[in-house]
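Submitted below is the structure of interest, expressed as structure tokens.
The letters A, B, C and D name the chains in turn, as written, and every chain counts its residues from 1.
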Amino acid sequence: MSARIRGYSPFTEIEEVGDGLFRLNMGPQHPISGQGRFIVLTDGERVFDIEMDIGYSHRGIEKILEYKTFVQGIVPVERMVMLDTSNILMGYVGAVEKVLGIEPPPRANYIRTIVMEINRILSHLYALGLLSESAAWNPAVFLWTTADREPFLDLLEMLTGARWSYSFFVPGGVRADIPRGFVERLRKTLDWFEKRIEVYEEAWIYNELFRMRTEGMGVVSRQQAIEWGLAGPNLRASGVPYDTRKNEPYAAYGELDFKIVTHNAGDSYARGWARVEEMKVSVDIIRQALDNMPEGPVKTRMPPRPKPGEAFFRVETGRGEMNVYIVSDGKEKPYRVKISPASFRNFFAIEMLPKTQEILLADVPVLIYSFDPWFLDADR
Amino acid sequence: MLSEDIVSQIKEVLGEAVLELKSPEDKRIFLKVPSERVLEIANRLKDEFGFDMPISAGGTDYPKKNVIELFWIIWHSEMNKVLILKCEVDRENPEVDSLTKVWPGVQKFERETWELLGVNYKGHPRLKPLLLPEDWTEGYPLRKDFDLKPYRSKWGEKY
Amino acid sequence: MSETSSVNEGRPGLVDKLPKPIKKLFNWSRSYSIWPIHFVTGCCSPEYMQLFGPRYDLERWGVLPMGSTRQSDTLIFVGNVSRKMMLRALRLYEQMPEPKYVVVVGACATSKGPFPESYSLVRVKDYMDVDVYIAGCPPKPEAQAYGILKLRKKILEGE
Amino acid sequence: MLNEILSFINENFQTLFMISVFPGLSFVLGFVIFAVWYQRKYLARLMIRMGPVHCGRRLGWLQLIADALKLITKELIFPKAANKPLFIFASIMLPVIPAAMIALIPFAPGLVIYNASGVSLLIFFAISTLFPVVSVIRGWAANNKFTIIGAFRNIYLDIAGEIPVFLASIGVMIWAGTYDLNEIVIQQSGMWFVIPQFLGFIVFFIGFLAMIEKVPFDIPTAETELIYGPNTEYTGAMFLNMMEADYVNVLAWTLLMITLYFGGYNGPRIFPDPIINGIFWMITKLLIAITIIFTIMISYARLRIDQAVRMGWNYLLPLSILNILLTLILKYIMFGGV
């Protein structure tokens, strides 16, 4: 197997295309590429086409899940997005609960909501940091966001015992109740974090040069956003008021009161702005969930086998709506799991945008990171 | 508009093309159609009913029935309903019309299904390997006869 | 997989020929100036990011991520490595100037970790010699920092 | 033979000292080491980090020595497609050009390496135009797409930046009535030229940021899209040279800015010896200036190349011409003649 791999080297397939055009290979090793590769067709400054090459971290999670029982499946699924594990896991667990026909107790729903909103904050902080870093090699805001993730990681470690991948949600509830002192500490952290959001707005979102770089660049209209199937804050920044938390409430979102952040511009700036606003909404949701938290058990018993059938479950992750489609044949293992993550949908817009408007080479990193890509969940 | 209403409307308009139509819960509509008429029905679903936003596509392999069941999942942005459009194709020679012209957003999902399940989408603009290595020759991983056992790393192996 | 000879066979540097005090000086300078390449392969990357963040701040030991292979000396595999990625990693490794080191972070890159059945993942040890393995899924930043310091110690001792 | 050498050294001791120690080679190298260390520490503090700590007992002061030693002992790689002679030539020449510019800067009364008989400012600009040329050679010789794009961005930026900078300093020349840097410094003992030449200073400062290629004008080495710009293919000691050239360039232009607008070595007398006093004020002003540059580095986004070029041609160039006119009018009103 490996001998064949060694003989094959497609890495520098850079050939001249047309008159004065050439392809520039960004990735998989490039300061901005992450685990993906962008093949940019350019004449030196103007970009004519971006081709996304993903799959560099493909693990075959959909296939692996067919070999695991419903509970065992938790471990591979949550490794799709480390920053956002609980939101991703909620998609899988929610679908499994639907197949099994069980409902988590209300207290579990509230705990889930809190953990998911903390994860959303982590995810948006990452998006904001990388957007700032891509507009300039200026890691200040990036490192501030890295620093500000730490208090939340500590809280999650206190609640679940791990920093990122905690397998905290199980079909039928959550693994454990809230520990002593958690609520007070969370409230304190939220108070502090609200002040930090103001700092970000002043330092970065209202920064004149940042606006020069992002405003009017990479505009996705409302019509295009729907046709291309964008997800999450990117969709809402184009003026589509869709938020799975509101439209198809799961966990405790149906009982809480919050607004959907939308922006009509649809440019890169709007996408960055939407994420900052959503962090404010998340803080608000966590506060409400803490106030309204009911008492009671946090877990119900889970039947070992489901009825044959299928379930389709949508969930709003940090990067947008993820949906899980499970087909069950009545055994303890799923017959087929189809996971459509948000990044996979958002990538399509990155490919389409240079064909519809003028993008320069310097805009490419800003454009890519305004969509907040995460290659691992696109690759699965 | 209630879910039952649109379900009965779909049944009325599409007529005998509907092989199976159910709405087990609010906001979900499962619709199964013959594979030859997928493109035509998709166009009508978009133009006449307004299902406009693609959110997923894929397929399931049924070796016992010798079919692959394909699905496209479409969201209705005004009514907030999800349509799961299904069709069955022959497992030996799976071929179906690509719906990228109707809903551009399914492009990547169809490409992925082509790669992992071996379904040939006619009229797809870019059927190239996406997730698997470029030198992949070992078959279609999501088919049921693809076994993971040879790949499994052994326990107790020295690292 | 015996035919996979590692690409970094024998790395005698220019330093080996020098007298001992100068060799020591150079080893000291190398140990305080580990520049890993900006290359992430998998899902330990958020934890890797925290490692360079304000709380753990690996730059205290002079570890500075570099954009280009030409200026870096350490290849750090952060998380799962697929076959597709491994081709690129080998290429990057060849482009790197001597002396160079390899660090493997996380269970996936060490032994496929939580995905033992995966048809796509590979283990780094099948392809190249590794200087330091760091266990965990994902390893905590303390563990990763400890691993990097182990590498530092190894360089300092001239291995 | 030996005697002749010794007598030569004796006769020309001051010149040799200036070339090799201060303000020549040792000072420039020392400044590069200090500036990189200072940048890493200072930026780290702004990012709530520590920066280098453990290398060297305190403050990580040996960090740059360790980096330099490591880079020297690393393997040198010449890409197959590269033009090897030019590749090496560029890496050697690049730090030399800004270092030659420093030879014209007066550090104290009489302390200037090359006294260019009254046209030192013009010679400064003449030498500075070589920098983009060699910079293009380094990108072109490496024969990598990233380096070539970086090299061409370098040309765009330097042309857009250097002309406003030159025109802005013509304002200073008119105000002072001389081309000589030493003369300009002496005339500033009463009032720094930043006050009468404020518009010119603003133009000069923005163009200056473009010339030293720091944020918001670090467009040639834009790391998020071009990895390292023209430097991408350089390894080991050659990369060290590139880094050095970068900071020597900063040093040369910062010294020119201080000399033209901030009174050069003038300052309140602290040390009895005027030479030491001059050096003290020069270095103090230099430190303040690089701190400001580093603070700008961390607070702003990078401009796109089209935005930067537009800024140079559409705003800076008319402003600098306006500045020349204003200077002429002001000088006519105040002194009754040019």
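Just so it is clear, a contact is a pair of C-beta atoms (placed from the backbone, for glycine too) under 8 Å apart; a residue touches a chain by one contact, two chains touch by 3 or more.
All of these numbers come straight from a predicted model, not from anything done at the bench.
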{"item": "Distance in touch steps, counted as few as possible, from chain C out to chain D", "value": "1"}
{"item": "Which two chains share the largest set of C-beta contact pairs", "value": "A-C"}
{"item": "Chain whose average C-alpha position is farthest from chain C's own", "value": "B"}
{"item": "Mean-CA-position distance for chain D and chain B (Å)", "value": "61"}
{"item": "Whole-Å separation of chain centres (CA-atom averages), chain B against chain C", "value": "42"}
{"item": "Rounded Å distance between chain A and chain D, as computed from the means of their C-alpha atoms", "value": "44"}
{"item": "Between chain A and chain B, centroid-to-centroid distance (C-alpha), Å", "value": "23"}
{"item": "Per-residue multi-chain contacts in chain D, two or more chains", "value": "47-49, 223, 227"}
{"item": "Touching two or more other chains - residue numbers and ranges from chain C", "value": "53-54, 67, 82-84, 87, 117-120"}
{"item": "Two or more partner chains touched - positions in chain A", "value": "5, 8, 10, 30-31, 55, 58, 60, 63-64, 67, 143-144, 147"}
{"item": "Which chain pairs touch, all of them", "value": "A-B, A-C, A-D, B-C, C-D"}
{"item": "Residues of chain D touching chain C in the complex", "value": "40, 44, 47-55, 60, 62-63, 65-71, 73-77, 223, 227-228, 231-236, 239"}
{"item": "Of all residues in chain A, those that touch chain B in their complex", "value": "4-5, 8, 10, 53-55, 58, 60, 62-64, 67, 226-231, 240, 242, 247-248, 310, 312, 314, 321, 323, 325, 327, 335-336, 338, 340, 344-345, 347-348, 352, 379-380"}
{"item": "Touch list for chain B against partner chain C, complex", "value": "132-134, 138, 141, 146, 148-149, 151-153, 157, 159"}
{"item": "Of all residues in chain D, those that touch chain A in their complex", "value": "43, 46-49, 145-146, 149, 152, 215-216, 218-219, 222-225, 227, 297-307"}
{"item": "Contacting residues of chain A [partner chain C, same complex]", "value": "1-3, 5-6, 8-11, 28-31, 34-35, 55-61, 63-64, 67, 75-76, 79-83, 126, 143-144, 146-147, 149-150, 153, 163-165, 376"}
